[in-house]
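Presented sequentially are two complexes of chain A, the first with chain B as partner and the second with chain C.
So, the complex of A and B:
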């Protein structure tokens, strides 16, 4: 590759990175402006002072902590349950030949090509009926959201992890059995530690998806005690106020856990997705 | 030291599926080095896994020492196995890899340390004990895999194509190493390979498999000199044995006469009593047993052939010759200096009667006669 071509490619890569980061930069900048300046489109004006107090006000103006806590509970539990379910299903699909394994794989794939939006009405009715007929409250509850997120994100998790398990040589488990492990013992002592990158990658993936989910969270919850950040952020814009500044600050704050989750698992995330893809 | 007895072992993976291993009956003596050899899919690895306890047999009994092992867990059979891909636990150090089985068995810490160190010394890998498998070369990994087996002090060692991932030179070194180890430990060893060189050099006895069926059991010399059938004859030996379709002209217990390609009359020193004259049979002779005959003398058992190709391999030559009026090719293995022939030459090739083998239409070999008989 010539030097010029190499420079051009590097420039192109940086341009793509800059383009991707632009909305985030714009959000951060807007979060330090007054609402009226944002409305006037003057975010870039250098004469304006940075309003760090927006980051204080967002907790006061709306009970943002509540949404933050709800998001952590819902997304955290959904991530743990979804990853645990995916772990078992992916291992079974990768390792065992059983009646219906092909159909199960196909069904998991099919769920990924149906737009989630189509589930909305039947799901809402199901949740309502569960509450009215069986006394199991699903609407406007943590468990309703958690159950939905587990159902929505587990199939994709299964596929990511299946790639990891398929890539682990069967002989490792055979060796563990020869060394005195049961099949389950071999899974726990050998397969799980080896596939930790895949598990972390999958958990990060589920957490990111759940953290950003707005549509179902908005439809299925109505009280601030349950609503998550994406729903809460919307409340900064209502018929009485248009606090774009606080909305942007809230956006920046809500991005923090996502960034932390990503950077903590970044090494594994990239490795995990790549391994699943090439094997 | 422990013997291994296999009694009428069958294996099929599905209830209605084909037999992968069929009626294997085998007695492996204590301290023996037995090699299972055969092409891919011949059932040799499956049988090894059955002995290991990683697969269950569909029928038959596995007896290890005095123990009927059919329902005994793999770790309780007193067996250690070395896998083709080494199967080292990548998240553990070499020490922990070797100590894993002992820890699983609840061996005291001090004893674990001693046994790991002792095994490491035998294999000269003491300096690698703190390293992770990914930092080791192929040969080092193989040593660790063997060390992991040794440390358990098993009664029987199983090897599943352990050298197939190594390069040729390292493979040769490891073959010597394994032979040394066998002599040193004196344990019963069962070794699976599709490499006939490994089989011939390592084994005290070889078991040849094809399509899940044992074709022949014997010492390397027995199998090479007196293969039981066409499969064994063709499988062992490189270059392969020359196999020529011929017609049986006369046959009795003192020998057989066949009409070969080019209508040459050839005598073979086999006990062919009872064979039907006029039937189609196969004549087999190894490349190193063929030699050029002097056309001027009245040499018997010769075929006229035209040299097609000469391969110079340093210490020896491979000469490929086509028999004049038939599309049959013969391969001759000659000393490296025998370069008097050239491509295109027509030569007379002698097939010594005492080195010839004869196989009936079903591929079963007639018994060879002792050298002095014909």
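So, the complex of A and C:
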């Protein structure tokens, strides 16, 4: 292959990168403009100073921090609990053949084809009845949202985690059990430490999914003490249709935590994603 | 682990228990109750009784499918058409672009690793942010799309309304593809890197063109990945909700006859008209169709997915 051709293709690759990042750049730029400049269509004018106050406004005047905190609490806890449930279930499915293991695998596959959203009303009624008949408040509480997210995202996490467990040779656990370790002990002390990459990948995956959930957060919560970021943004659009400056600032701020989570888990996550998909 | 002879072993069941209970509560029970609901007359007067509401048999199904005056049916036809077109367009574009860029990235050039990471960024942006961001970009007067197309490139002589009429179909397709293709690229890139170089070397010696090499070596080897990713894309896109509902006002609003998809339509009409029994009937029909589709897909491509053919 000629050198020119190779340079051209490299240039093309970078052009694709630049093109695909333009909308994100546009979001950041608009988040630093005055609403009136955006309305006048002048947000590209280079004479304008960057308005970092927009981010302060978002924090102080719109109380975005409230939604931000709720999202962190709900998605953070959902990630921890869901990953833990998925670890146990995936280990059972990867290591043991038992009566019902096929049915469990099938049920997990089926839940991937039928999202919880398709049957939102039974879930809503379940939550309402738990509150009215049993005194367990699930609507408009952290625990209601966390429980739902854990349940929604556990099946897919089991699938990812299972792939990691299958790749681990079972001789290690056998040796530990021979040495007098209980099987659960062997799972916790031997298998989990060497599965750290898989656990990080699974947790990153759950966090990204939970952070992106809009519908149930919208239906199941009604007070600002519980509502998460997507609900906050939706309410904001309702109220201030033309404050694109703040909307874009909110978008940038809500991208930050998932971006950090992604970079933290990137090494394992990308590998897991690629491996899980190719297999 | 030593084989125990037919003794009941509780350990795997205990490990599976938490996940099984969760799935029972949030996935399986609602499906059964959803089916029951689809046989009941559930409106604002009977919702309080919930599962004790009057039984109407298959009437909800009849009204959803055949009753011309029914608001839910009216929306359903358009939403189904849009969802089918949307799913097909987005899935094919996401996979096509993902594969093309993966081929472009599967070579050595300066900063390759950074480029790969940067390409994933659109996928990191939460979909509700994608909806608001592109909703802003599509604005007729202040949106950047019209600034570029009309003011800079002069491709169009007047500013189109992107969020109205049939343009709104593309207004939801493009952001969805923008967010979906990076992952496809990543997956194809991993698959490309697992292909050995020998067949290409042999083909080059035989004077086979690069395009023919792609058609006869690369594509067949990628077929298992394409088949499974296409299926996941189709499932994802059929249930698409966030981008449409954030782009068009508060989501309770009507996105117009070219941008209304199944899930936004279903949730909106159920709440607006209190047609929860009929909504459940639509959910059940959708579920059945999707299960049949996935079952048929897996059966048809089983051999190519396990790499036996």
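Basically, the second predicted complex is superposed on the first by the 239 of 279 C-alpha atoms of A that agree within 3 Å, B and C clash if a C-alpha of one lies under 4 Å from a C-alpha of the other, contacts with A are read in each partner's own complex, and residues count from 1 in each chain.
Throughout what follows, contacts are C-beta pairs under 8 Å (C-beta built on N, C-alpha and C of every residue); 3 or more make two chains touch, one makes a residue touch a chain.
Note that the coordinates shown come from a computational prediction; the quantities given were computed from them, not determined experimentally.
Contacts of A:193 after superposition on the shared chain: chain B is touched, whereas chain C is not.
In the superposed model, C is the one of chain B and chain C that contacts more residues of chain A. By the touch criterion defined above, A:174 reaches both chain B and chain C. In the superposition on chain A, the residues of chain A contacted by chain B and by chain C overlap at 174, 177. Put simply, chain B touches chain A in their complex at residues 49, 52-54, 74-75, 79-81, 83-85, 87, 89-91, 100-101, 104-105, 148, 152. Within the complex, the chain A residues that touch chain B are 169, 171-172, 174-181, 190, 193-194.
Remark: chain A residues 6, 9-10, 12-14, 16-17, 20-21, 23-24, 26-27, 30, 38-41, 43-44, 84-86, 88-89, 91-93, 95-96, 98, 100-101, 104, 107-108, 110-123, 125-126, 129, 147-148, 150-152, 154-155, 158, 170, 173-174, 177, 183-184, 208, 211-212, 214-215, 218, 229-230, 233-235, 237-238, 244, 247-248, 250-251, 254-255, 258-259, 262, 266, 270, 273-275, 277-278 touch chain C in the complex. Here chain C touches chain A in the complex through residues 1, 9, 11-13, 15-16, 18-20, 22-23, 25-31, 33-34, 37, 50, 101, 104-105, 107, 109-111, 115, 117-122, 124-129, 132-134, 136-137, 141-142, 144, 147, 178, 182-183, 186-187, 189-191, 194, 225, 228-229, 235, 239, 241-242, 245-246, 249-251, 263, 267, 270, 276, 279-280, 283, 286-287, 290-291, 294, going by the rule given at the top.
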